[in-house]
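Both complexes shown next keep chain A, but they swap its partner, so chain B is in the first and chain C is in the second.
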Partner chain A sequence: MRVYFLKRLIEIVPTVLMITLVVFVMMRSIPGDPVVALLGDAYTQEDAIKVRQEYGLDKPILWQYFIWLGKLAQGDWGASILTGRPVLQDVLIRLPVTLELIVLSMAVALAIAIPAAIIGAVRRNTWADYTATTVAMVGVSIPEFFIGVLLLLAFSIGMSGLLPSSGWVYLPGTCPSVVCAAGLFGNAQHVLMPAFALGVGRAALLTRLLRASMLEVIRTEYVTTARAKGLAERPIVFKHALKNALIPTVTVMGLQVGFLIGGAIVIETLFAMPGLGTFGIDAIIARDYQQVQGFALITAIAFVVINLVVDLTYTFLDPRIRYTG
Partner chain B sequence: MTERDPRVTATTRPTIRGGSTREVDLPAAVTWRPQEAAPSESPFMQGVRRLRKSATALVGLGIVVLLVVVAIFADVLAPYNPTVNDQTATFLRPTWEHPLGTDQLGRDMLSRIIHGTRISLLVGVSSVLLALFVGVPFGMIAGYYGGRIDRGIMRAMDLILAFPIYLLAIILMVIFTPTAGLIGTMKVTGAIAIVRIPIYARLVRGSVLSIKEKEYVEACRALGVRDPAILFRHVLPNCLAPIIVTTTLGIATSIIVEATLSFLGLGTQPPTPSWGWDLKANVAFIQANAWLSLFPGLAIFVTVLGFNLFGDGLRDALDPRLK
Partner chain C sequence: MRSTRLATFIMFVIVIASIAAPLLADAQTPKRGGTLRVSYGNEIANLDFHTAPGYEMMWVAMNVGCSLTNITPDGKFVGDAAESWTTSSDGLLYTFKLRKNVLFHDGTPVDAAAVKFNIDRMKDPATKSGMRPFYEPVHSVEVLDPQTVQVRLKHPYVFFLHMLSAYRTGLILLSPQSIQKFNVEDRKQGKPGSIVGCGPFKFVEWVKGSHLLMERFDKYFEPGLPYLDKVIVRVIKDPITEMAAFKNGEIDFIASFSPEHVDTMKAQNPKAQIMTGKETTPMMAAMKVTIPKDNKPMSPDRAPHPIFGDLRVRKAIGCYGIDRQEIVKIAFKGQATPWVGMAPPGTLESVNVNHLCPYDQAKAKALLTEAGYGPSKPLTFELMANTEKSVFNVIATVVKDQLARLGFVHANIKVVDKVSWMNTTLGDGPWDMYIEDLLSLITIDSNGYLASAYVSDKSSAWSHPRHTDIKVDEYFSRYAKELDTTKRKALAKEFLEYMATNMYWNTISGSPFYMVAQPWMKGYTYNAEFEVHYDKVWLDK
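This part shows the complex of A and B:
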């Protein structure tokens, strides 16, 4: 197990390198560069060449990538070409915002999906099941940002502005400067709608998957055996059925991470949150190479680590699955 | 099981020509069939019959057909030109003249929604078809030949899959530089197709891996049938069911991805009407004109729901094991 874990940890490195390399090459293959944006309209060719030299943009692309890697190995993520701010600093400020959003949205998703799926599977073909499956079908068909808009309409525009429509109040301890707002209550107010908007879609997907695999598990012989032994329905559902039904669900959750990152970008844009999503999309559109690299790096790491966590969850859910080096 | 799954029937029946189970392929002497199977009904017809029984699938199909009609006849159906501004009629509330009101440039919202159907369906369907036409052959070749070819193709596919899909789609759109009109739509189509190719390659490779070990494929080889003929006439038809289902559901996903890219300002550019863009543009005015951002969102929702319902019904009808 430990050998397997180490092996997987080592495998993370080439994947992350590959993602960052592809992003690096792709970003630099776009015509034009940030130097033009930096210098404004009135600039001479000499100025541009000088600035390009300054940032090392005149060197071959692969060579530039190795320079970036070399600095990265020393803990230097580079600095934004347009603002001059260190990329690592920006990423660290924005990471907690996005992490909070994603973790809470997953919590929302699980809190809705597990009960809904259990009811749907245990009381199959009753009105409760039909309600759960219909709501789930509607849920998978609504894009996150439309759920966000509906929430805005209900709680920000309606209800005399119960919840704020944009902006952010930091969690105590994550505030990047002395002037920013921080506080638990304010944070909860700001994160509630985004987390729901992002979580509801996942919840719908999860409900459908989990219900289907619950139905399959309930039909298996060991569940019949458990019933024959006189075991109560509750431990059968939770210990035997749910745990085994979670395995395929967890796999799909892992595959959904790519969508979750997109969802975070969209939801952060809609609610004007200072998270990694807005950081990334702004950087990509402004072609701020260093910031884009920082964003690609943190996204790649998150993506790979979550997939690793998914694989390790299997051993918890099903002790028969053992990884050997 | 035998009755419900066309692929199982194909192997339990005596097969003369490859995996075909059509009646005409069987000489009179060997018209033996499993007792449970409905006589003289092809697996395709069985699927159609099951599909017709499913109310949700029919509702889905109805929505899809309606949307296709709206998209084709958008010019006739739309009461106004969706791209002509009218500064004297901005932010009109819904009236008989403008059933869904007008936006900040005085454009009729209903007409924009109707024309937006085109972009949404065009990108949704064509990106999936494009991904299909690239992904399926790759998957077939990888699965059928195995070895070094398989490893090479699948490594390239894994490279794409290693990316969070939105990160890749967003960067591709920045590289393509979003524009308006048909060219702009084609760029979005291309970007979405690229990120979806591996899905089909993987799916088909998996099916081919099991089908190529079947006896009827072996029989074909023994008879000297060439590889392309085996692949297209015997292997491909037998992995069609999951492909069809994934394609229908994939259209729903592609439409959401298109709307999302549009929402981020990276889809088809204005003045071409696009639901995602309209939603985003009107969120700025949500305080006073809530209805404006409501309609494009509803349009996306109904479209995606239609394809999802139909896809779900197809899955139940074609491949019960995929449930």
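This part shows the complex of A and C:
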């Protein structure tokens, strides 16, 4: 197990490097130049050339990449071309917001998916099953931003502004600046709608997947044996069927993290949240190469680490699974 | 009996009046304290006030910094750090008497030396300020005594005070000590201590993506001002979220509100103060007039653009082929003025030259036929719009449709993001026509560096059409030097007609600008994008 874990950790390095290289090359291949935005009103061709030299943008792309990599090895993530702010500092400020959003949206997804899938599987072909399946289908079909807008209309514009429409209240102790709001209740108020908007689509997908897995497991011989032994339905469903049916769902959950990061860009923009999603999209629009690299790096790390955790989770769900070097 | 009733009634009125009068008076007395929560639709680019682009930065700069003078909505100049000023009869000497009690936020005085430092800094090419072309008339700045500074001009410049007050940020005075202590990178990111102005609010912090915070400067030179304790600026890009936040009372002021949502805002918030005014921003369908002859971007060696280098085509498409009325009706729900002149209707001394470009399909067809286009040789060009404002795309679609009615003109719409648009246009890249609203023009002169001839020493990369007609520069120069108002107005008319006749600058309409405030936000004076000051704002909560 330990050898496997170490092997996977080592594998993370080339994976992340490959992702950052692809992003690095792609960003510089698309039209647009951060120097234009930087110089703004004062743009002249001469100054643009000087600034490109200053930031090393005149060098071959691969050479630029190795310079970036060299600095990264020393813990320097670079600084934003447009604002001059250290990228690592900005990433660390925004990471907790997005992590919280992703974790909670996944929690929302599971909170909806598990009961719906169980009901759908256990009471197959009943109105409850049809309802769960239909809701899941609708959930998959509606884009996150639309759910977000509906939630805004319902809970912010309607219902006397029950929930705040935008902004962020940090969890106590995580405030990154001199002045910012922090508090558990305020945080819950602010994260509820974004997490729900982001989680519903995932919930729908997981419901369909888990329901199919549950149906498969419920038909297996050991479940029939358990029933024949007179075991109550509840432990059969929760202890024997659900646990085994969760394995493919957990795999998909890991892969869904990538979609959640993508969805976070939309949801954070809609709810004006100071997270990594808005950081990433602003950086891409402004062609702020250093920030885009920071964004790609942190999301790549998050993606591979979460998938590693998912793989390790299998051993807890099914003790028969053993990893060897 | 009757007299008793009357006496009782009078007594009742007196009592009510005596109770209500102080309450009414109190309602109008500014209250100190509170935090003004402002929403911006775009992120602040950076905080180096003398170089950063974008209105979002400017609206911070105007409150952290002070200037020599400001301008009121009716065009009067009022002193800011300057108590008074005089202008010599030949228009060459401007002498500013400074207030004695003006301090920068670091405690250093705003004296004549500080003013000289700042103007010299704007003139210095190393500062890379986009405002530098407007300081070209400045010959020298002299410190007469600590409270008196004199600016000597090379030639008369009628709009010198306009420029100091409201071209971009106006002249923002920054503490020389802080400028020398910190570098441009520090200022860009808002490093503590690096942004030291003399305005009503001190800059506290900027957490990009989250907020920008300003706090009251207790030693501000205007006694009792500002009323607010703090101003916090948040960025809410989505207009629906912005409206929800406003309705929910999460924000007090929207600094720039999208025109297409004004009706919804009014319906949802009947008590909201929706502010608008003169149309000072031109919505353009710009056409590229020349391209680099040697294929080197920004080359002064120019050749006519293959399509719009021909004046007949420019006039056919930009002048007669576009129905401005229809565009305004569709894109702005009629809430803008169809306009042909380079300077929009709200710009000082602007003249209506719409008669020069009536919508006339027959004329457009005739000109295009003369230029060699027709059903057998259709005219196809690229119409670029960027994603910054949805209205650009709407206008591009209407223009495409209108030109298609000519029968043989195909405008292919290309939608790009703002940075790509800037790259293409600023970098002299290949483009034919674009829809944009560029910037607000307080005077015709303030369009100097956008509309001047590309080959002249006054033009900038923002002179996108890149025409090479030096006569335009002569017009700008003569206009800005003309001290006689009547003669200047006549010159303005001639100039605007010249620009329209030659289609160097193709305006479609004015571009309306809206600000929205909660009913409890008091004391704000609307002056479009030019002056956004929170010093007299107070919250009646």
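The rule we apply is simple: the second predicted complex is superposed on the first by the 319 of 325 C-alpha atoms of A that agree within 3 Å, B and C clash if a C-alpha of one lies under 4 Å from a C-alpha of the other, contacts with A are read in each partner's own complex, and residues count from 1 in each chain.
Here, a contact is a pair of C-beta atoms (placed from the backbone, for glycine too) under 8 Å apart; a residue touches a chain by one contact, two chains touch by 3 or more.
The structure displayed is predicted, hence computed values, not measured ones.
Aligning the shared chain A places chain B and chain C in steric conflict.
In the superposition on chain A, A:E100 makes contact with neither chain B nor chain C.
Looking at the shared chain after the overlay, A:G258 reaches chain B, while chain C stays out of its contact range. In the superposed pair of complexes, A:T15 makes contact with chain B only, with no contact to chain C.
Once chain A of one complex is fitted onto chain A of the other, the partner contacts of A:A37 are limited to chain C, with no touch recorded for chain B. Of the two partner chains, chain C is the only one that A:D282 touches; chain B does not reach it. By the touch criterion defined above, A:D90 reaches chain C but does not reach chain B. By the touch criterion defined above, A:P164 reaches chain C but does not reach chain B.
In summary, superposing the two complexes on chain A brings one listed stretch of chain C into steric overlap with chain B, and the stretch in question is 325-333; the others among 19-27, 109-117 or 325-333 show no clashing C-alpha atoms.
When the two complexes are superposed on chain A, the residues of chain A that touch both chain B and chain C are 149, 152-153, 157, 165, 269-270, 285, 287.
Listed in rising order, the residues of chain C touching chain A in the complex are 43, 45-46, 51-54, 128-132, 168, 184-186, 188-189, 204-205, 207-211, 213, 232, 234-238, 240-245, 247-250, 268, 297-298, 416-420, 422-424, 426-427, 460-462.
Residues of chain B touching chain A in their complex: 56, 159, 162-167, 169-172, 174-175, 177, 252, 256-257, 259-260, 263-266, 279-280, 283, 286-287, 290, 293-294, 297, 300-301, 304-305, 308-309, 312, 323. Those residues of chain A that touch chain C in the shared complex are 31-34, 36-37, 39-45, 47-48, 79-80, 82-85, 90, 93-94, 149, 152-153, 156-157, 161, 164-168, 176-180, 269-272, 274-275, 278-279, 282, 285-287.
Residues 15, 18-19, 22-23, 26-27, 29-30, 137-138, 140-146, 149-150, 152-153, 157, 165, 212, 257-259, 261-262, 265-266, 269-270, 280-281, 284-285, 287, 296, 299, 303 of chain A are the ones that touch chain B when the two sit in their complex.
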